[in-house]
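Note that the chains are named A, B, C, D, E and F in the order they appear, and that numbering of residues resets to 1 at the start of each chain.
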């Protein structure tokens, strides 16, 4: 999606121009991984027009592999944003009717080929929400990924308003989550989609893992919203070994609130592939998410060294010369 | 529609921000009339969201009457533009799927009330193209306008790609044009919509007037495209009294190519209401269109004094102090 | 007035451009009311030149009724601003010599006609300060408003330096305040203009109400200046029923410090017309003022829903999607 | 004066920011001379506020000597500009009521000291127009300059609207021009101020020189206004030796129309001090003026090498690497 | 190299910011080929710092293969530019001392591997100029390219000031040009480097081909510099079959003068690989170069369709909708 | 040096433009003194090109005396900066290879003449680090300053990476510091350069003063880095009379982190020349440094009145009208 952001703290009707960036759940995870030095590909459909090509060029710049991006009929999904401050929240207007991605065909992608050299497959709950064919493509990809032995992660990320094609999240998501090894899921998502009513993260995670036997771990961030400019962020994780938390990061002032969850996921994937230490992985993922809040755009442009510095609390007024 | 324009001469993939303006055939005519001191109202449907309200605020600023604007479901129509120069043409990507305007209902507007104090009704061929209900609303408005004795003008403005709801322009437009007193129509439009095959403007106009007995006059601009930065523009007019032309205006360098036809129409309406002299009206309309090419945005922000100065060839490097 | 603001945190001598907005005590209240859905008109004189027309267009955009704005000789009042941060205060250079508004004539406005459909009249202490004829026009308006039974409010807003035409505030203001139902007045204003020496808001308010029998209520905001970027704000109110306070709002970081009092007044007017609950009205007014500090420009561009959200402490880092 | 310019080709009511530069007849000549390597001082009064200091800092940057600038009461003179293009002229709104300069006192400047090391004194017809005391200071300076044997030049530059203090140009200017060695004067100026009615430059110059025995030469530029973007410029000169013309320079496209006359004057002064060849001096002055039209701001930022390159017609698309 | 350009028509000392783009002879050819749909790789050394990585990201965005870019010690080469207009030429300040590229080692690149799948190798005379090791790497690459049977082209592009390491162009270039199939060479270059004194392009080309038996063709563009904003451009070509010329393209107004030669070369390579028609290839190459002048930045961002449209003279004021 | 800063909080690879300012240790002190009303000159070498002249013009604007600036071969030193926020540190890429300043010759400056009217000489540890000739010039200047009886201050400011010409700081700095009356020195600098190992500021200062008998005082700021946006700053001072501290200033949010030490030094010089009260001088110096953090650019643009206001804790949300 193209994000069109009003400059500074302008309201939409004050803006005479809009900043352009591009993002989207899966794309954000791919791009953040590329900045962490992990080869990552993004697989999607962009419209066959100047805007679709501009979007692809934007992602090429991040260093992700864009060879599997297809071009087809439909629009480029958009969202418009004005950025809040203090006691004024940010506002977003989504505009993704009839996106090229929603128009994808089940056979648009040759998953066997695409995933042949991959280790990990990540998807979000946005994808199956936008159209029946997108849900089908997602299911196909998951089946192939499972067959090829990839680790599979998902960000459940429930947005009720997106499910407009006659199915509900509860109809589709269970069949997809059953392929996953690890998911990001909040208590609200668990209730809305999977009917798991509880106010306790650990209880929710346990019951998710019971419902989905392949699922080995549930992770999330806990966010305290002190103001639009000041949050506190803690990573949480539950699996067979129990519950752990990351240190808490103080986010003040927040530069860009979008994509914190995707940065967390990318940090988790990096840590999982690198550390063999869950506590460190969770701390890295949360530090990555924290750092994302200080970076403009939808995804985390931070190197491993930068995340580790943030992780170690070296939040440094010190200049890096 | 919101227009999102790449800055300067940037290509879409170079742009990191897009300038915002708003326009649309009928809105451009209304706004230009307001700048000419003629009270004008714009009647449309904007989406019930922050962008729809920002669009309405934009038009309020021009001084047009926005009281009849409705808010409803659907998107704000968009178009993206990169501006050409010299031998590089400008490029536009339209994005008006599912606009709030296309979703209007035939009873959205109470035309009797809206038109009760009006003298003139203007519409364009874009309106009946976007949906059956928009075409119906257009027909209703025309019937009411005729009953109330308004002068009726149209810009035929054929865009084949817009007619997507199962009807062709040729099915719908004749029934609407028959209400008109004066239209802007090109030879190409006449062929594509009305089946009038000719390479001569006068011949086309004569045959249009035969086909539509209410139609008293056909006007247009003739444009020589020397480059994206340099055009020459002449107003042409045919009616029962015969054919006349305006002086030719040299447009160099062109600041903004959009909305030249709408500025011409607004100038024609102003002249018709003011001058009682067709030759002067045509010269005024063409000068207004010429001046529009020197002004950023979709519509002509020129006062009567400014148009008359341009009309008199006082194109002055002289500073107005 | 046109406000010309140095970008970001630049000093005047660093700036190579200045941002434009427009404001002024009464105009800010009108515009804020329009955003709250209350029809409001602004009555003033702008210069008969391109800048005067640009100012009027700016206010048209807010949705306020600009039909009563007159154009005459004189300048557009200006002020230049550089924005402070932390321990660096903002700086303002006023430039309103010989404004068109100061040149208004007592008969410039037909108050009977202008106020015929109104419910409320609001003025500020700036108006009678700029010229004898402005003071006279203000007195005329107040007399008419009283005759027509409007509620009358004022922001006393004493600026010693403005009173240059041979009269002092103490000569003129009492004769105007005596028409008021409610005023914004600080302890300092009461001492400087009305000779009421006290360090206690309630005492001051009681004595003002004794001095002006029509005056039913005195309101104000109490501001703690922690830094240029961080204030705390509490609304206070005294009337026959005694003294009440609003909750305290934490303003950090401040986006734009100008117009907090006008937003408070507009919130108070909205609440008075809507709630029939003084405590809620005061909280709404103070929340509106708080929210203004997060919005660029001189006036509050916040909807009722947004003010109520702020009022309820839902200062949300949460995105509004 | 501070110049506030709408960006690009925006109209005033479109602009959300204004570019800042500073200029003024005499200041422009000083600054242009500094860029040509000629030590030059500017003598004026700026207001005692942040804007006055910013203006002085701006001129310090050009390298002119600003030690004689005084600070006093009054405003900084302003002018607002929107830039035309093609057949749309530029527009200027002057705003110099009550400038600090108009408030200068006859004894503000110690001319003997200021001019002690100078070779040349230049003034314009703007100075005596703004106030009686400014006219008096101008006369004092001229008397001193004459006593000290400086060469004296003036740009007559008649602006009727500026003469508001009870005197007409015709009352004051003759007493000042009589001190001059060389002036820039147009046929229109000669008629309006000095009552010399003629349509011929040579005739006018001859009669001026008859009227003012000290006056040895009259110079000017002849401008063909093809459009706001395209002019042609020729320097003309008349003195006891007869009439000469410079080559004609084609100005397309014009970047900034302001200050062409001041650049011409500065070029003339440079040439007079350097070349001992009137034809070359006139060509240099006209080339300097031509080059100014390609440079943003009020004065010519061109080195001697650059002017000579333009003078030799090396208008080079060639890059200077 | 990073190019830092003063905005609009500002002089260096006016600029408060500089636009960033990246370019360089070979990189520009690669990028232009990528926009024409021809897979292309760029082989260079960037500094091992944030700027080097930003440069690489920039080129990734164009779609060229950046896998062979190395990172090493040294600076990122820079150049600063102010853009001329009309009779004011553009100015460039080069700043490429000690670039990372100049520090490359002869074994930095494994040419056999890099060129294994390639069809064409292109280099410019800049490369051997910057250091002995760069000249050596160039020679190695050429030898390998020859062995692998690639077509080899060069842009001779003589810049005397660059040859600072103790060798002259005349010492080194002949040994490199002898590998080439086709070169861009001007009469001046031929004289300065190869000692071929002639004022006739065909004569020069014939003698170059005699001197270098492998050389089959010499191409160039002939440019008429009417002003900094207006040039005329014609492609010329000489080989065994004789001399041909392309149509002449009128470039007005020029948006960005840099990289015209590289766009010509890229167009020539595209045409050679595609058309099997030298006349059409030359017209395509010249049209590509012409179009480049209308595009910001160092390289041509034009598709094949766009170049062909320009080639057919369809320079259209017509909007592409 | 020219500083090129990515806008807002952009990363280098996001930036499409870079803001320009100029600075450098000694230049920053000079400029800050000029804003405090103390005549100050900056003595350096800039390159003989457009960039060198633009740098000099920039410093002329501050009001410092630039007559002693020389122009010579070599580059303009650069540094690139991206600005951190919260837990993301700022990053700087230095690029000062082969600067014109490093190329200065020992006889470039006639110190006797330059220093003839001066009271105070200030230098930093950057100067002797860049080249042997710079170190020599520094030594020459110090000897002359001592002879002429100037007060001498230094900011030791050790940057290991700069010492590339074969000498270490420990070889050179002692011979220069022995001329100083007062220095800014941190514990780390004392250890790295002078071999004084201690963790206590007072102990370090005492031992420095023992090692350098002319040295009468050591000053510094103590900084708590809470985040990139929030620091706390305290001035410290040790001399024969013992140890004193300034009040602590809370810096939140930080606008520009660069040049805090130079602002401190300038404040110290101002105070020393003005107050005859060390405690007040230290408070003034620290307040000046604190205020610098709220101002964009490398040096402190604050008047005495502004520093005193900050010193008195009047950090005022209050507007200065």
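Please note the rule applied: a contact is a pair of C-beta atoms (placed from the backbone, for glycine too) under 8 Å apart; a residue touches a chain by one contact, two chains touch by 3 or more.
Please read these numbers as outputs of a predicted model, since none were measured by experiment.
Engineer: Looking only at residue numbers at the chain C/chain F interface, is the share used by both copies over half or under half? Answer same or different.
Structural biologist: Homomeric contact, different residues on each side for the most part.
Engineer: Which of these pairs, B-E, C-D or E-F, matches B-D in more than half of the residue pairs in contact?
Structural biologist: Repeat interface, by the over-half criterion: B-E.
Engineer: Provide the C-alpha centroid distance between chain D and chain E, rounded to the nearest whole angstrom.
Structural biologist: 45
Engineer: Which whole number of Å gives the spacing of the CA centres of chain D and chain F?
Structural biologist: So the centroids are 41 Å from each other.
Engineer: Hunt down the residues of chain E that sit against at least two other chains at once, touch-wise.
Structural biologist: 13, 16, 57-58, 61, 91, 253-254
Engineer: Give every residue of chain B touching chain C within the complex, in rising order.
Structural biologist: Its residues touching chain C are 57-58, 60-63.
Engineer: Quick one: which bits of chain B touch chain A in the complex? Just the residue numbers, please.
Structural biologist: Spelled out, the residues of chain B in touch with chain A are 4, 7, 12-13, 15-20, 49-51, 53-54, 57-58, 75-76, 78, 80, 82, 91, 93, 95, 97-98.
Engineer: Report the residues of chain C in contact with chain A in the complex, numbered from low to high.
Structural biologist: Chain C reaches chain A through residues 61, 249-255, 290-291, 293-297, 301, 306, 309-310, 314-321.
Engineer: Under the stated contact criterion, what part of chain C meets chain F in this complex?
Structural biologist: 8-11, 13-14, 84-92, 94, 159, 223, 225-231, 253-254, 257-258
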